[in-house]
Every structure is written in C-alpha cells, then in structure tokens.
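Multiple structures are listed underneath, in structure tokens.
Two complexes follow with chain A in common, the first pairing it with chain B and the second with chain C.
Moving on, here comes the complex of A and B:
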C-alpha cells in the first residue's frame, strides 16, 4: 500500500498577484511503504515545493496529499460527510454529533503529529542548529513531541549511534563541530523524532566523498531499523543508482518519469531532454559497448561495472 | 515571504524611472512641501492633476498605486473623523448640532466637512506621490546613491558619507537574503515541531529562540564572507573611488524641477489671490 500519495497536486506561489508562479501542476505520485525513492530534477523543477507539501509546511493549491490514505488537509465537514455517506450505504445508524467530535480530534491529532510522522530534513540542515550542546539540539524535536526524559535520552543514544556521533560530540556546542559532523547532528535531530516517512533534501550536498557515503549509510541504517519510507532529493545520479529503489523525475513542475532505477536510467535519451544525465559509469559502459566490447546493458553503479568488466576479462574475450 | 521585495520597485521604462535619483529626492521634498502649502479646493485640484500625471507617466499599474494606500487606511479614516467633528472655527455654519460643551458648540459644520475632505486628499496625494517618486520608480541602490551624492559636501567636514552609503546599500541588498534565510530556518524548525502561534507572549517569544540564533549565526557568517570578498577586490573608501554608473543630469531633470517649482509657486499664489471666496481657505 502506498504510504504517502499525491493526487493531482498543484501549487501556485502568491496566487492572484502579479508575482504568482506555478510551481507544481497536476502531480500524482505514490510512495510505497519501506521503499527508498529518489527525486531528481533541475533547479526550479518543483522538487523542494513537493517536499514541503509532504509534511504540511505548504498546503496544495489543488489536489490532495494522502498519508496512509488520509488527506492531511481534509476539513472536518468533508470527512464527516464522507463517513456519514459510507455509514448510510452500509445501513449503519450513527450519531452525527458523536462522529463529528471523533473526526475533529482525529484530524487535530493528525495535524499536530504530521511533522513528526513525516520528518523533513531541509537542504543544509546544519543552519537549523541552535542549542548549547548537540545533545540538547537533537532533543529539540522529541521534546516538542512531549516525550519523557528517559525516552528522549534513549532516542538520542540510538540516533547518535546511527549517524556516528560519539558521547564527546554530544556534549560539544554544535557550532564547534566540523561541517560534516554538523550535518550529521542536524539529521540526527530529525531521526530522533522517529518519523515513519523520512524526507531529505540533498542530504549530502557540499560534503566530501567519505562524508557523502557516511550520510547515505546512516539513512539506510535508519530505514533498516525502523522500516521507514524514505524520499531523497539529489543531483547525483550515482547516489540515486546506489541507494534508491525507485526514481521520480520532475521537470517544470510536472512528473516527467517514474519507476525503478533501471526503468529510468535505461531511457538516457529522455533524461537528457530535461537536461539530466545518467550515471557516469553508465556512459562509460555505453562507450565500451559501442566500441565493440560485449558488456551487459543496464549497469548503473561502479560496483556492478567492476564486476561486469572483471568477468568479461576472466572470459578472456577482449577483442 | 518571497513576495517581499524591499521598496517594491516596479520595473518599467518610463520618463519617471529615468529621472536622476538626486533630482527625484529633491523633487520629493518639494512635492511634500507643496502638499502642505495647499489650502483650498483649487490648489488641491492642481495637486491631484500633478499626481495623476505622475502616475500616468510612470506606467505603474493603478492597482499597485492604490495598494500603497492600504497601509495608511487607518490614518486616513482617523484624520477624516477628527477633522469632521473637531473643526473649531468661529461662526461656522452648522449642518448638524450635537450640543454645547465648555462654552463651545460641537457638531458637523460645512467647514469641517471641507477640511476633512481636503485632509484626506492631502494624505492620499502625499502617499501616492512619494511612493511613486521614491519607491516604485527608484531602486534602493539608486536611492542610496542619490542620498550619498546629495550629502557629498558633508565629506568636507569629515563625515564619512560614502561609508554610510555603502553600509546602507549592503543592508538593503541583504534584506531579501536574510528573509529567505529566516524562512528556511523557520521551515526547518516547524518541521521539528516548533509552534509559533500557540501559547502566551512568553511562550511565543521562547519559540523565536530556535529561529533567531541560527539567523544571527548565518548573518554573521555572511557578513564575514562579504567583508573578505570586498577586501579581495581591494575595496576602500575615499574620494578616488569611481562609480560604475555615473549619475548624469539631463534636460528632462531640469524640466521636472521647474515643473515642481511652478506647482509650489502656483499653490502659494492661489492661496493669496483667491482668499476672498467664502469657504475657500479651509486649512
């Protein structure tokens, strides 16, 4: 079942003014439970707007955002009408007032907990650090959730392990950390809320290669431990190929393509039309293939390429 | 918050846009003086004519011009009511009498009505005229350039006008950047469950801490980076600094200047020569 779903979503900034601009148009996507979905697209393709719709920071101008099948912006009145109709069809008699009260508490609860259930890590999240110590900063989200002291401490220990921060780091001021450590501390602050859906906007931007790997490893480890659904925006096709199960390609506020990594990267021609690219290693394999070396198609990661070329060499068939 | 653009400069190619910023600043001062000199119906008609011509020439859409009045609606209503009810002129013609208090009659008078109408017109002309001249048709950079140019003589008595001008243009330049930063940080903290709207004053103030600290940190960082970048390009202040765009005084600037002087003089003359008409001089 789809964990998170967008149905015909459109978003317009500053509607009705001379500054109005359409950011998203008729976007329908569903993000499967437990899957890691990569979102790619050019600057201005609507990726960041899309992410902000998911945890309720922005409200879609048209269409719906559904979490576990529930429209996150549904009004009490609309839901009541829907439920009453359903009950009537089933021949059940229920008290309208009672039902209305139930629905109101349910929707209030949903709105309050939405940002904890869909955890959003913004671009350059280290800018959000503000507490005296890293420990306190990670505790900020859980505290807002109203968790107990012990629970918060347990969660800090857990996420510190996931992102690789030691006890020494936790007691430092976040402003004394290095760039990569700051990034990890900030991500830990969102992981500590244990969101069911983890959304990350370019989590590895501006980090060195080892920093990138460690960030992505942490994300995968979090998913393994909590079974969360993960969405990652990235510009790096290599990262997409290496870490994502599915890929969503955005172009000019619309869904351009979606499917498994294989489905998407096989259509390199289509991708190039939007100014995007396939992973470099795929280019290399294509070049080798066109120069007559018999290698399989559909290689998107360096590891796959290495093993394919190695087995080709073992066969001794380098013509 | 992206819609906030300071000064709300409206980009267009018009005579008013092309006027020299120095001239426009002085013109604005002359215009403000003229609005306060206007004391009767004919001079107000002259003012309105001038503002209408300015609006047409500037090619700024009417909706935008009217929007500049939105901020002062309360002031306009307040001024209108005060003048309507509290105009005290001896031997006023009463339309409605409310009663006597402290030996004075209170009520709505013909004079009060005219005075309140003129007051409203004065505020409207003042706001539209100044926003057109200073903000809609002049970029903040032009404005600081103009001011620093006009204040240049102060350099003679060792007031670092050029430094102040640079500080002002940097401050103006960074308002949109900082507001973007603030928005980003606010979104990040909202995503971690900060609630800005609930609770009392103290709770609301406390909710600002997670926004203000990162904002301070990032603006200090930006300031430092900018300082280094400026030093790398050998920035220094002083008289030998040249400008990329040198301000030039054109014939049209002189014409506009004369026009405004004529407006001011016309208003003064009308005040003097038509004063004998009943109900004429109201303010």
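Moving on, here comes the complex of A and C:
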C-alpha cells in the first residue's frame, strides 16, 4: 500500500460562482515510503493546490486523499456504512454502536494529527519564524503535539544535527541568523514534528549553490533516519535530477508525466512544450545526439554525461 | 580618459549598525573599488550574505556608504551636499528590479504600475502614455495593459516590474535575483528581455544571480566574497576556475563541469566553455579530429 495516495482528485476554486476555476482534474498518483518525488510544473499548473490537499489545508472537490489507505476526509457515517457492509459480507456480527464509537475516535485522531504526520514546509518558510530564540521556534510544533519537555529537547537536538545548527545558533534570535541558517531553522521546526510525509515547496529558492546543497542533504538525511516519504516542488531541473527518485510533471491541473528521472528527462521535447526545462547536461546530450553522435538518451547528471561522452571519445580515438 | 564611466566605486565600505544593543556593527563591504562602463553586461555572483544586495542598494541610494565614494556618471552620490535636482538626475539613470515582483507593485492596473515611475519624474502625460506603451511592448505585455497585476503569473508580474523601470529610460538596471522566484518559462522570458536590453538598446546591466547558467550569458562576471571582489573577468575566464569558485561557495555551469572533467580525464579539450552549444561544438570538433587521426 502506498503511504500517500491521491485518487481521481479534482479541485475547483470558488465553485458555482463566476470566479470558479478548475485547479486540478482527475489527478491519481501515489507516493511510496522512503521515496523522494520531485514535483515540477509551470506557474498555475496546480502544484501548490496539490500540496495543500495533502495535509488537509484544502479539501478535494472530487476524489480522495488517502494516508495509509485511509481517506483523510471520510465521514464517520460513510466509514461506518463501509465497515458494517464489510462485516456483513464476512458474516461477522458486530455492535454498530461500538463500531461507530471506535470509528469516531479513530477519525478524530486522524484529523488532529494530520498536520503533524504530513509536514508542510512552505515557500520561504523563514518568514514564519517568530519566537525569541531558534530553540523555542523549533519547539513550537512539538509543543502543540503535547509532547513532554524531555521529548521536545531530544527532538530539538536531533533535528538541529540534521540541518546543521549548533547549540550557539539555537540560543540566538532567529533574526540574527543568515538567510541560509534561517531557512534551515524553519525546516527544523517541521522536522521536529517527525512527519511521516515531508512536503517542501521550493526549499532551496534564493539560496546560493552551497546553501542549496546543504538543504537537500538535510532532507535526504531526514529521509534516511525516518524512512519518510518526501515530496519536493522545485523549478530547478538540475536539483530534481540530483536528489529525486521520481518526478511528477503537472500541466494545466493534470498529471502530464510521472516516472523515474530517466523516464521523464528522456522526453525533453515534451517537457519544453509545457514550458519546462531539462537539466543543462541533458540539453547538451540532446545537441550531440541531434548532430548524429551516438549517445544514450535519458542522461541527466554530470557524472553520467562525462562517462558517456568519454567512452564515445575513446571509441573515436581521441584519447 | 575618453568617457566618464557610468558607475565608478572607490574604496566603498559599509557597516550595518547594530541596533539590538549587544554585539558590534557588522561591516559587510571592506573597501570595494571597481568601474562599470556604459553598455556593459555584468553578472554579479556571491554567496548569501556576501554583500551583493547591499552593494546594489548603495548604488540605488537606498543605503548610504559608511566610507568611500560611488560616482554615477561622474556625480558622487555619497556627497551629502547633493541637490534635489542632482538626486533626481541620478535616480533617472539607475533602476532596479527586485527578487519578488510583489514587493514593487503599487497600482491596481498593469499600465498604471508602469506609469508610476515616469509620473514621479514629472514627465508630461502625453509622453508618459507613449513611454508606457513602448515599455509594455518591449516586455511583450501590451495585451495585459488593463489587467490587475495580482492576477498575473510571477513571470508576467516581473515583466511589468521591468517595464516600470524601462519607462523611466534608465541608463543602467540592477536585477537583484529577479528570476529566482519564477518558473522556467518566466525565467526564460525575463532573461531574453535582459539580454536584448543590453544588446539592442545598450542598457548597462548588472545582474545579481545565484544561477550560473544565467551568469554565463553576461559579458563580465564579478565574484564578491566576504565583502571583497575576488574574481572579475569574462564568464569563460571565471568559470575556468572551479576550485576557486567552490571556495566562494559557488559552482560552475554543468557544461563547464563536463568540459573540466573531460580535460582531467586526459582529453585535449578546452575548459573555457560555458554554454551547451559551445560545449557540443567542442566535443564535435574533438570527435572529428579523432576520427581523422583514427582513419
């Protein structure tokens, strides 16, 4: 079973009014545990709407969002009817009242914990830092989860390690940190809730190359430690190629393509038609291929490009 | 000297005053000196906190230098005795496009947004009309003249912001990470406009960016590190030094990396290549020569 699944999801803003606009149409996609999926698409392709559906900030107009197989918006009544039907089919006799009580508790719990289980890091999350010290800011989420002080401190120490903040940083005001440090502090605040699904909207936007690298390394480290499902929205195809296992391409509110980086970047022509790019090395390989040089398709990292070109050059007697 | 440089900076120092009480003032620029000639296309690189945006704000008179001089077309903008007329003249010459277009939108209609600058310069209304139309046309946004800026995409908003600067007919435009919030299509549109303004209209461009592929399109790349310029040259010269860039927490375009690594593997290939087209050409010609030797 997929960790998180969207099943025939549609979303309409302002339905039934003259401003009504369709943001998503029949989106079906699933995200596995431990996988890092990159989501790409031009402005207005539906990426942001999609992200907000995942932790219940928005409710789909049609279709379902399933976390561990459970529709996050299912009503007690609907679930009870489903369970009773299932029990009947299996020939089991169960108390409807008792079952209803169980389901209510279960769904209440789901709704209460949803925003901790699916952690959303918004664009420019450092704008949301507000506490007196970085430590207090990171503690905000875990505190709201009702964790003990001991547990909160343990989590702060752990996430500070993951994002590379030291004890000295933790005691500072978030406003005394550099841009890159602020970003890492804000991400740490979400990681401290230990979400099973981590969703990040442009986590590296506006950072210098070394800042970008350290953000992505922190994300991968968190994934390694917790086995979390990770979703990253980015406009940088080079970052997608470097850090993601899978890529989901959105276009005009629909899923345009999905697959491994190779599957997706192989179709550079199709991507360009929707206003998207491919990594620069993929473009280079395309140029060489189109002038008749025999190179494999679907190369998207510098390492692969260098070894493919080098072996072609050796065959050509250039070394 | 034949012509006054458009921008001449001498021993420029800047300290952010610590207002919190604890700690000391933080000096971010340690005595910069450089000139930018009329019509140049400069990409300015540097890690977060290296002082790039501070420098742009100083040249825009948003901040005042702690020490040193900035001459815009020969006028020292750090001179406290500057008259209002002189200040206005400088403001007409240098424009700036910020990272987030939402931060510089004030009007409720795209064309009013574009007219805001020239209106403040006291330009007669018939001429404003003409300038607005020209500026919108230059960024390909004429059909959006009556639209509300908030209903446009990021790339379209940024094009409106650029039109607002163009309508003031500046000699020089600073772009402060103006593409970093845009999607690939938006970036492409804005980069094409920047290139064209320099190539066809001779506008001096100073483009602050973290994107090495964008920097490679400039004619000159300057690298700011810890408040000093540590590299200054053509993109080919600067990107030929990946180790030095790495020490400045920067990188080189992917194609330059490919060339550099091929060279390290012993292939006789130049490393002064920054675009996919040039890189493909270099590999093609190497293959061609190899096949000749082979045969």
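Here, the second predicted complex is superposed on the first by the 299 of 319 C-alpha atoms of A that agree within 3 Å, B and C clash if a C-alpha of one lies under 4 Å from a C-alpha of the other, contacts with A are read in each partner's own complex, and residues count from 1 in each chain.
Quick note on the criterion: contacts are C-beta pairs under 8 Å (C-beta built on N, C-alpha and C of every residue); 3 or more make two chains touch, one makes a residue touch a chain.
As the structure is a prediction and not an experimental result, all values here were calculated from the model.
Engineer: Report the partner of chain A that touches more of its residues: chain B or chain C.
Structural biologist: C
Engineer: On the A-aligned overlay, A:80 touches which partner chain: chain B = first, chain C = second, or both, or neither?
Structural biologist: Neither: A:80 stays clear of chain B and chain C.
Engineer: By the touch definition at the top of the document, which applies to A:14: first (chain B), second (chain C), both, or neither?
Structural biologist: The first partner, chain B, only.
Engineer: Just checking: does A:129 make contact with chain B only, chain C only, both, or neither of them? Give me first, second, both or neither.
Structural biologist: The first partner, chain B, only.
Engineer: A:211 contacts which: chain B (first), chain C (second), both, neither?
Structural biologist: The second partner, chain C, only.
Engineer: Classify the contacts of A:306 with the two partner chains as first (chain B alone), second (chain C alone), both, or neither.
Structural biologist: In the superposition, A:306 contacts chain C only.
Engineer: Taking the superposition on A as described, I'd like to know which of chain B and chain C A:2 touches: first, second, both or neither.
Structural biologist: Neither chain B nor chain C is touched by A:2.
Engineer: Should A:52 be classified as contacting the first partner (chain B), the second (chain C), both, or neither?
Structural biologist: So A:52 only meets chain B here.
Engineer: Considering only the contact definition stated at the top, list the common interface residues of chain A for chain B and chain C.
Structural biologist: none
Engineer: Quick one: which bits of chain A touch chain B in the complex? Just the residue numbers, please.
Structural biologist: Its residues touching chain B are 13-14, 17-19, 52, 55, 57, 115-116, 119-123, 125, 127-130, 140-141, 144-145, 175, 189-190, 193.
Engineer: Give every residue of chain B touching chain A within the complex, in rising order.
Structural biologist: Touch residues, chain B against chain A: 2-3, 61, 64, 181, 184-185, 187-195, 209-210, 213-214, 217-218.
Engineer: Any idea which chain A residues touch chain C in the complex?
Structural biologist: Checking each residue of chain A against chain C gives 41-44, 176, 178-180, 205-211, 235, 237-238, 275-277, 279-281, 283-284, 287-288, 291, 293, 302, 305-306, 309-310, 312-313, 316-319.
Engineer: Which bits of chain C are touching chain A when the two form their complex?
Structural biologist: Of all residues in chain C, those touching chain A are 20, 46-50, 99, 153-155, 177, 180-187, 210, 212-213, 249-251, 253-255, 257-258, 261-262, 265-268, 276-277, 279-280, 283-284, 286-287, 289-291, 293-294.
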